[in-house]
Structures are given as structure tokens and as C-alpha cells.
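Each structure below appears as C-alpha cells.
Consider the two complexes below, in which chain A is the common component and chain B and chain C are the respective partners.
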Partner chain A sequence: MIEVNNLVKTFDGFAALDGATLSVPSGSVYGLVGPNGAGKSTLIRHLTGIYKQDAGSISIGGQSVWENPALKATIAAIPDDWYYFLQSTVVDMMRFYRGFYPQFSMERYEKLKEVFSIDEKKTIRHLSKGMQKQVAFWLTMCCMPDYLILDEPVDGLDPVMRRQVWSLVMGDVAERGTTVLVSSHNLRELEDVCDHVGIMDHGKVLLERSLEQLQDNMVKLQVVFQDGMNEVPADLPVLHASKIGRIHTLIMRMNAEEATAKVQQYAPLLVDAIPLTLEEIFIYELGGANYAVKDIVL
Partner chain B sequence: MISLNYRDSRPIYEQIKDELRKLIVTGAMSADEKLPSVRALASQLAINPNTIQRAYNELESEGYIYSVPGKGSFASADAGTDGARKEELLAKVQELVKELRYLGVTHEDLLALLEEGKEHD
Partner chain C sequence: MQSKTSSFKGGIVNRALLRKNLTRFWPLWAVYAAAWLVMLPLTQFLMLFGTSGHYETPAELKADAANMVLSMASDPAIIMAVLFGCLAAMALCAYLCSARSVGMMHAFPIRREEMYLTNFLSGAVAFAATNVVVFLLTAAIQAAGGVLIWKNLLLWLGCSLGTLLFFYGFAFFCAMFTGQILAIPAFYGILNVLAVGLNDLIQSFAGVFFYGYTGGGTPGWVIWLTPVWKLVNDLQVNSTWYQELGYSDHYSLGNPRCVLIYAAFGVIWAILGLLVYRVRRSETASDTVTVRWAKPLFRYGVAVCAALSLGQGLYFLVWQAFRTDGTYSLPGILVCMILTGLVGYYAAEMLLRKSFRVFRKSRKGAAILVAALVLFGVGVSLDVTGVEHKVPATANVESLEFSIGGQNYCSGEITDPDVIESFRAAHQAMLDEKAENLNRRQEDASAAHGNSGYSYAYVTLNYHLKRGGTVSRNYSLYYTADDQNVPGSSAALLAELSCNPAVQRANLFNGKDYAGKMTAGEMYYQIGNGNQDSTTFDGETAEILYAAILKDIDAGHFGKNQFKDGAWEKETYVNSLSLYYSTQNDEMDGFSVDFSTNCTYLLAALKETGVVNEDHPLTTYAENNEESLYGEQSDEPSTETAIEKRQAEKNDAVVAEETGISTEIIGGADGPTAVFIA
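Our next item is the complex of A and B:
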């Protein structure tokens, strides 16, 4: 269990984190999403014990992570800018990791060598960006972590590798109950792998739900009203409405049955409830927070 | 054995449910045959294990599969208890019939179709 309470971090008077609160249940995969500059990476750097907070608390498995090597040995992370020693090979970095993680599994290292098919004697600096990311995954998965923290993990990986690493991570979650926190902008992908989602903006966590609740809490309805009814009735609690031809598309903050029942009162010709994708939920939730695609023509 | 369609508007767990149900209903998966474990399916599809567990739980409550603690999940012989699915399918048939009539298919043609199905049983 990862619990973050009212975390505040200020850099030169700018509050990168401004009272962020989140909780990640054990054995779940938590997707942290938010616009650029929302504070995701800053939050992650607190979870891995790199930054010390100005105020608030972080607890992982009931303990504070700051200067706590015993706890940190159970946390593995892939930051967005993965660090390796300039002249080091994969084997060198493996030895470095092994020194810090008592649970490091050589058996797994050998197995994953086949999966990634990268020459372990190669200098990491000479590998491509995507291959460096693969090395990061390779070594991190060998640490047998209880907590896995990933910042933009599949950036730069090809589609086959993306699936490969997610398959490895999901296998670990199912088998070992690893708790995963992942930040990403690829919402399509998060939808498959996450069971909890937190949306951050301006250093705060705006909302945090299980994916199930999130999907059951908002719905898209396509409605065709009877002749003569060109406008959406004013008393329908609609979050967002658009119209193409005679078809109204309504976004409503309730589950599909409730929304359909509400619209049925007006005896429409057609009502169709469509589940929202995570991407749409993200857009409409942040739309309320004054963050939307602006119509600018260049 | 299960393929997910990422352009489908149905949530992932529903797609898994529908695919498994299809396998069981068509007999591609025979009665008492073991379903893949949640773990195997999670790493094979690269999907969150809880999502797969949700699909399994719902299929179990609808009677399509049953689980034996410590052994796994198995296909049921029949799922007569799934009233909700029956209603859903009947509504779909109604919709189809409406469209077929619109296309000029006669009442007799539809009856003949039903009779044909009866002979297959």
C-alpha cells in the first residue's frame, strides 16, 4: 500500500506539488495521468526517495521512504531519464543493481536475456534509446520488487516490446502481487493494464477511482429526439453536448441505466449508451478544470 | 484463443466475457473443460489480472463457468440461470425482426427459419 497525504513541494516559490493525496492499494496497478507539468514526475521522485517533501507524508507499506534503505530495497523504479554509468555494459549495471537489491534474481536475468536479445557485453551508451529502455526493464524486473514505480515506461519502445514488457509486468502482478504505479500519457494502454486511475493537475490529485467506478460513473449517450425537439431539454444534467445532424451526443455523469432512464422521459426515437474511453474521461474531467483543447487556427 | 479489439467500444472485461461465452456456447470449449488461469491470460493478453478476474466472476455468477478452489475455473454444461442474457438476446431478436420486415422478409420466411433451427436440435 502506498499512501501519500497532502504532499507539498516548492521549487523557488513554485509549488510543483500542492497538497497531493493518493493511495495505491496493494497488488493493484495504479495509473497516474495528467497534463504536462501536473507534477507526476515530482510525485514519483518523492516515492523513490529522491526528493524530500516540504510538508505532508508518504508511506509505503506503513513506513517512510526517506533515507530508508531497507524499504528502498523492495522498491524498483524506472525514471523517465534512466541513469547508467557512461562506460558501463549491461553486465556492469547488472552487478550495480545486484549490489542494491538483495532479492535480485540471476535466474530471471538469464531468462530475460532471451526475451530482450541484447548483447550483455555491449556498452549501454552505444545502444539506441529504445534498447536502453529495454535494459532498464530487464534489470528492474530482476530486482523482484514489491513496489514497481514506472515513469513513462514504454516511451520509445516498439509495439512488440511494449506488449512484451506489459506482459512481464502483468505476470508479476498476478503471481507476486506486485504493487505498480505507472505514469503515462498513453491512455489507451493504461486502460488495459490499470485497475486504478488518478488524474493530477496543478500539483493536486483531482480525482482517484478504480477503473470500474470511473467507467460506471460517466456515459456517452447518442440520442435522436422526436421531430420539433431540436434542443437538449434544459433539465437534463448534461456535462457536455454536441450535435451532428439530428444526433445529439450527450456526456452525463451517471451510469448508463440512470442516464437512459432520464432521457427516456422525452420519448426519443433512439437512445444508445456508449461506454467512454479513458481518454474521453480524461478530457471531460479536465474540461471542468479549465483544461481543454483550444480552437486555434494557425 | 481470445483476441481483443482495441477499437471496440465495449470495455475490455466485457470483451473477454463475450469471447469466453462464445467459446462455451458454441461448444468450442466443452463442458467441464478448464479455462486458462487468470495469471496465464493476464500475461498472454498483457491485461490487468483484476480485469480478467472481473470477467470470470461475472461469468460465474451468470452460470457459464464454475470454479473449484485451488483448481481453477471450468466451463459449465448449461447456463439456464442467466435470465438477463436471455432478455438481452430476445430484445436483439426483436430488433432484427423489425429490420428484416422492413427489408420485406415475410412472416412465413421467419417462421421457416425458426422451424429450421428446431430440426437442428
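Our next item is the complex of A and C:
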């Protein structure tokens, strides 16, 4: 289990993390989402022991991660800008990783060689960006981590390779109980793999729930009111409303039954509850935090 | 299934990282190894087995081989250590200069201590292995050539590794303070010479304010803090010349023990570097200064150095050009210091913030800097520490180096407390006459064609103190002929000192006694049209003349006209007397003496011995000037071409430094004279 409590990190007076708190259950796949500059990468760098927090605590499996090599040996991470030595080949980097991670599996390395189809003798810098990302996955998965921390992991990968990579990750989760924390802007993809989601903004985790709870906490209603009722009643607790023809689309922070009951008071001609996608939840949650698509006429 | 974290075993050195460092930076280790292989084993091999040898005996060859090995422990070892210590630290700490690389390295399951130690040891292992290989190869080659001296080789190994350990450790320490790869050599270079640089800047700055102040030289602790200087001084190769053999032998290093001390400090620097690394944040990659507490040091350090160096430069370039009275302008130097100090301050701020927009945010610090510079400038100008009036007590003085440049030039070093006390009195008198002397200087500078009526002299005094350190002063003196008649005036005291026997013995013979060692002599005389010829004489005559010179010194005849402006030309001879003696190594050396009509004993001896006669006359400067004037007016064509030619040949033989076997700098009537023995 990964637990972060009131994490604070400032850079020259700017609070990149401002009391962030989150909890990742063991064996879960946790999606960390948020706008650019929300503090996701900073949080991840704390989880991997790169940064030391100004305040707050980080605990992974009940232990502090800072300067804890035994714990860090069980954590593998792929940052958004994976580093490799300029002259190194895949084999060179594999040997280097193997020297640090005692659980590094050569058996898995050989198996994944077929999956990624990359010439291991080739200098990494001569590979494409997507292939470099594959190398990062290849080596990281061979570390046999108990905790896998991924920052924009599939960025640059083609759709087939994305599926391949997610399949490897989900396989580890299923077989080894690996706990995965993944930060991404690709919400559609996260929706498919995550069972927990945390939304970050301005250095804080605004909310974190299981995907089910999240979807149950907000609902999208399509409503057609009776003739003469062109506006949404003011006393309805609507997060967002839009209208096309006579159909009103209402976003409400409550479950479907509750929302339908509230709208039914006005005897509408039609009420239909539709589950929100993660992307919509992200947009409407952050819309409440003054982060919404602005209508700007250029 | 999850694995257990307890399976991980940490260590002191990470083998994967060590291996990577050794393979990744192989060009650096290879160049280092190649340089030493060329400098020692290859050169030794060529010397021993090559065909270009010019050694007459195996002993001479062995001596030269020993010299070469020890020479490599000197300057080459220092240069290699300075250069490769820094390059290795740059290579091994480069990962700290990029957010990507520092992210990867610090995410690995390894403690900071282990990472630091592994990186440090990577370079140490590479260097040590190279030196050991070079040592063994050289030993093998020397053994094959029959010239093996283990002691010298071990000295080389110790010195090269010791100096390297120091500079490498120091470079690592510097690297921990910055996140920019190019800042590592910059910090390293500046900190290596910071002590001597600041010492010189402060002394130079004080010299602006304090009358006669020229600094106190470089204290020993400053030299210790400037390791390159100290090591170059202490690792000089000494040898003994054997005349009968015709070569030097018994080579030794000056003070190799200092390498041990520096090596120990190298370890200390490395440990301090580790402590800094532990508090250094990963996010400071690419920052100019990575440690928070070091940022003000950097900011104000750069500002103060800029104020002291550029401020003084600007002051002398612009402000002082309008001043001729020898005084300083406090507002002028403050303005220059503040301007350049602010330039340094904002430049440092820009480097720290990585932005040119620093002016608004840094106003408070700039104000503090300006206030500090004003306080410092005013404080120094008030001479609160009494530097200007400091005349060391005789009891505290080990020796006094002096030079008096009046009508003659007189310089030397004395240890006699009574004479030192006399110099102190003259020193105090010059301080007491400061205001008057500065007025005279102003008058002299503003007088048309320099006809102010004042004669000029300068006095330099370097008191070497018993507890170490030097008090140095340099005064310009504007005097009149009457000043010498005023008891207790600086001119009177200095005139008296100029003919003091101890002072003249120090001036003419460096306090040495050459009695019984004379081998020959030479007397120069004028032959007309500004040309000179010389006559030589044997050692016996030289002994007679040397004894006469000593009598004149004891009688106070030498230096008598030091401050006699009008009389000097009439009294001083153009003729120069050179006396040659044999040294301990049976080499010939000599000194030259200029004399005047006051030297009655010498004049009598010159006549008695026949060195001076009608053919070889004595000519004063006044007579010579008259002759020159007459010669110029004469229409007679010169008939002295043969003499001139011979003289030119002699001059060539005498003045060609490279063909002389010995060189001596001695006092003369018109300044220091270099004598080259052909």
C-alpha cells in the first residue's frame, strides 16, 4: 500500500505540492490525473525517492521510501523522460539495471525480447522515441517490481504496443499482485485499466475514489421538460447544464437515482441517466476548481 | 506473488556503478595512463636503451635517470593531478547536472553514501591502478638498465597519488556545490587560488589608502591555502654538483611530506563533499549553486571580489588619472567599488536565478552590499587597525630587506638589531613627514619641466618577522640638500644609513666575506667618445683592492654621496671595478663595485697596484660629460675604430647571458648591475 499524507514541496517559494494526500491500495492500479502543473510528476519523484519532501510523509508498504534501498529495490519507475547513457545499448542498460535490482529477471528479459523486437545491441539513442519507451518498459518489467510507478507510460507508443504494454502490466498485477500508480492524460485509456483514480490540482489531491465510486458520485441526465419550461429550475443542484433543442444535459454530483428523483419533481417529459466517462468526470470536477474549457473568441 | 524487501543487500560500493564508471569514461583513464606512460616508462626506456645518450659513465646515467623520476614527482605530477582530478570529478558527477540523469540515479535502490563512494572510488581506482602500472613498468625498465632506485620511484608514486588525491577530492567537493558541469572547473579553479587572490587584492586595496603600504608579501598560511603554489615550491628537485664528476647527483625532493598533509586534506574534502551531497536536493540539477547556505556566500563573494578587483581597476583607470599628489579619493574609490560590486552582485544573482530579471527582487541584498562596502571603505580609510603607522619592534624582526634609491642604488638584507633600529627610526621619520612629503610631491608634479627644486629618492623596507610574515613599505621621498642637515629628518637618517658599514657590506657583498678567495680583477676606464676599455689584474692585486674596499666601507666612504644631488656627478667615477673569486664548487663568480672620490683607501690601492695610471685613468661622471660634450663639438674624425671593435667584442663576451658561466646581480652607482662571467 502506498500512503501519502499532507505532502508539501516548494521550489523557490512555489508550492508544487501543497498538502497532497492519497492512498493506493495494494494490488490496485491507481490512475493519477490532473491538469498540467498539478504536481503529478513531483509526487511521483517523491514516491521513487528522488525528491525529499519539505513536510508530510510517504509510506510504501509501511516503510519510508527516502534513502531506503531495500524498499526501493521493490519499486520500479518509468519517468516521462526516461534516461539512458548516451553510448549505451539495451544490453548495457540491462546490465546496469541488473546491478541495482536484486530481483532482476533475466528469464523475463529473454521473454520480453520477443515482445519488443528491438535489437538489443543497438545504441538506444539511435532508436525512435517510441522504441526507447519500449526499452524502458522492457527493463523496468524485468526488475520484477512490487510497486510500479509510471509517468505518462504509453506516450509515444503505437496503439498495438500500448495494448501490449498494458497487457504486461495487468498481467503482473494479476499474477504478482503488483501495485501500480500511473499518471497519464489519456483518460480513456486509464478508464480501461485503473480501478482507483485520484485527481490532482494545484499540488493537492482533490478527490480519490475507486472508478466505480467516482462514476456513482456524478451523473449525467438528459431531460426534456414540459412545454413552457425552457430553463433548468434554479433549485436543482446542477454542476453543469447545456441544451440542444429541447434536450437539457445536466451534470449533477449525486448518484443516478437521487438525481432522477430530484428532476422528477418537475414532471419532465423525459429523464435519462447516463454514466460519465472518466474524461467527463475530470472536466467537471476540475470545472468546479476553476479549471474548465474557456469560451474564448479569437 | 510479491517478493520480500529483505532480500536486498546494501553495500559500500555498488559494483554495477563502479564497472559502468570505469567503462563509460575509459577515454579519460586512457589519456591519463598514456600521459604517464610516455612521461615515465617510455622516456626512461629511450634514455636507457636509445642511441641518443650522451653519458660518459653508468653513474652519470643513473643520476640522470634518478633526476628524471624525481622531476616527474614535481611539476608534472602536480599538473596531472590538477587537470585530471578536475576532469574525473566532472565526469563522475555529471549525472548531478541533469534532471533526467539525477532522476534515474537517485531512483535506484542505493543510498546516497554508497553512490558517492562508488563514484569517488571509480576515479581513485582508475588513477591508482594506472600509477601502479606505470610504477612497475618503470621499475622493470630501470632494473633492466641497471639504474633502479626504489626510493625515487616510491617517492614518485607517493607524490603523484598524494597530489592527485588532494585535487581529486577537492574537485569532488566543488562538484557537490553546483549543478552545472562547467561551473565545476570554474569553482575548482577559483577556489584553488582564492586565498592568494584575496590576499593580493586586499593588500593592493589597502595600498590605495595607507601611505607607503605595499602589503606584507604572502603569508605562509595563504601559500598553504594555495596548494598548487605550495606544492610547486615544496616539490622542487634538489641536487649536488660534483665538479670532479662534471655532473649533479644525489637528487632529492624538497619537502615531500607536504604531499602527505595535502593527501589527508584530499580525504577530508571528499568526506565534506559527501556531507554536502547528503543535503543536496535532486531538484537542484542545473542550478549554479545547489546548496542553500552556499548561495549567499556565492552572491556576496562574487560581489566582494568584483568590488576589490574591478573596483580598484576602474579607480586607477579613471579616477586616479586625475590625481598627482599621491593621495586617494575616498568617494572615488567608493563609487568604483560600489559600481563594480553591484555588477558582481547582480551577475551572481542572474546565475543563481537563471534569469536576467533580478533587479527588483534583489534590491534588498544590493542595499546591504552597498552599505557593507561603504562601511568597509570608510573603516579602512580611517585606518582603525593602525596599519599605516605600524613600525615593527626590532625585537620582533628576524631580518630587514632594504633598498634605497637615491643618487646611488643600495640594497641588501640585514639582521643586526642596531642597524634595524636605525632603519626603524628612518621609517618613523618618513611617517612623521607624510604631509610635507605629499605636498612636495604635488609641487613636483605640477612644476614646469619638473623643476620643483626637490630631489627624488625611494625607500623600500621589508621587515621579515620572527613569528612569520612580512611587513612591507615603500616610500617616495622628495628632499632638498638642506634636509640632510636637519637632525632626525628622514633624509639625514637615510644618508647616515647609506654609509653605514653593515648596510654597505650587505649592499656590496650580501654580507659575505671574500677575503682570500680572489682570483682576478678587471678595471674599466674611458677611452674617449663614450667608449670603454678594461685592464685585468691577478688575484693578489684583487685581494689588495678588496681589503681597501673593506677599509673604505668601515670608514663610511661608500654611500657617502647617496643624497648629495649636486656632488654626485663630480665625485662618482664612471670606472667600474670588478673582482672575481672562486666559489665552493670551484666556479668563478664576481662582483662589481662603483666608487667615488670619497673612497680614499681604494683610490690609494688602485694607484699603488698600478691598476690606475696615466693609460688607465679614473674619470668622474662630470669629467666624462665634459669630454662627451667636447667630443661632440670636435671635428676630428674618430681614429679609434680598432679599439672600438675590440671593445665591442669584449662587450659581446661580457653581456651575453647565455654564454656566461655565472650571473650575479650586485649594487652599482646607477642601479643594480648584472655581471655575466664569460
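Note that the second predicted complex is superposed on the first by the 298 of 298 C-alpha atoms of A that agree within 3 Å, B and C clash if a C-alpha of one lies under 4 Å from a C-alpha of the other, contacts with A are read in each partner's own complex, and residues count from 1 in each chain.
In this text, a residue touches a chain if its C-beta (ideal position, glycine included) is under 8 Å from a C-beta of that chain, and two chains touch if they have at least 3 such contacts.
Bear in mind that the values here come from a model prediction, so they are computed numbers and not experimental data.
Student: Considering only touches as defined above, state whether A:45 meets chain B (first), chain C (second), both or neither.
Tutor: Only chain C; A:45 stays clear of chain B.
Student: Between chain B (first) and chain C (second), which does A:87 come into contact with in this model arrangement: first, second, both, or neither?
Tutor: The second partner, chain C, only.
Student: Would you sort A:146 into first (chain B), second (chain C), both or neither based on which partner it touches?
Tutor: second
Student: Determine, under the contact definition given at the top, whether A:72 touches first (chain B), second (chain C), both, or neither.
Tutor: In the superposition, A:72 contacts chain C only.
Student: Between chain B (first) and chain C (second), which, if any, makes contact with A:100: first, second, both or neither?
Tutor: Only chain C is touched by A:100; chain B is not.
Student: Under the stated touch criterion, which partner chain does A:119 make contact with: chain B (first), chain C (second), both, or neither?
Tutor: A:119 sits against neither chain B nor chain C.
Student: Return first, second, both or neither, reflecting whether A:54 touches chain B, chain C, both chains, or no partner chain.
Tutor: Neither: A:54 stays clear of chain B and chain C.
Student: Looking at chain A, which partner touches more of its residues: chain C or chain B?
Tutor: Larger number of chain A residues touched: C.
Student: Enumerate the residues of chain A that count as touching chain B in its complex and touching chain C in the other.
Tutor: 175
Student: For the complex, which residues does chain A have touching chain C?
Tutor: It is residues 11, 45, 48-52, 61, 63, 67, 69-75, 77, 79, 81-83, 85, 87, 95-96, 98-103, 144, 146, 175-178 of chain A that touch chain C.
Student: What does chain A use to touch chain B in their complex?
Tutor: Spelled out, the residues of chain A in touch with chain B are 28-29, 163, 166-168, 170-171, 173-175, 188, 191-195, 211-212, 215, 274-275, 277.
Student: Which stretch or stretches of chain C touch chain A in the complex?
Tutor: 1-3, 5-10, 14-17, 19-20, 24, 98, 100-104, 106-112, 114, 281-283
Student: Spell out the part of chain B that touches chain A in their complex, as residue ranges.
Tutor: Those in contact with chain A are residues 4, 6, 9-12, 38-39, 42-51, 54.
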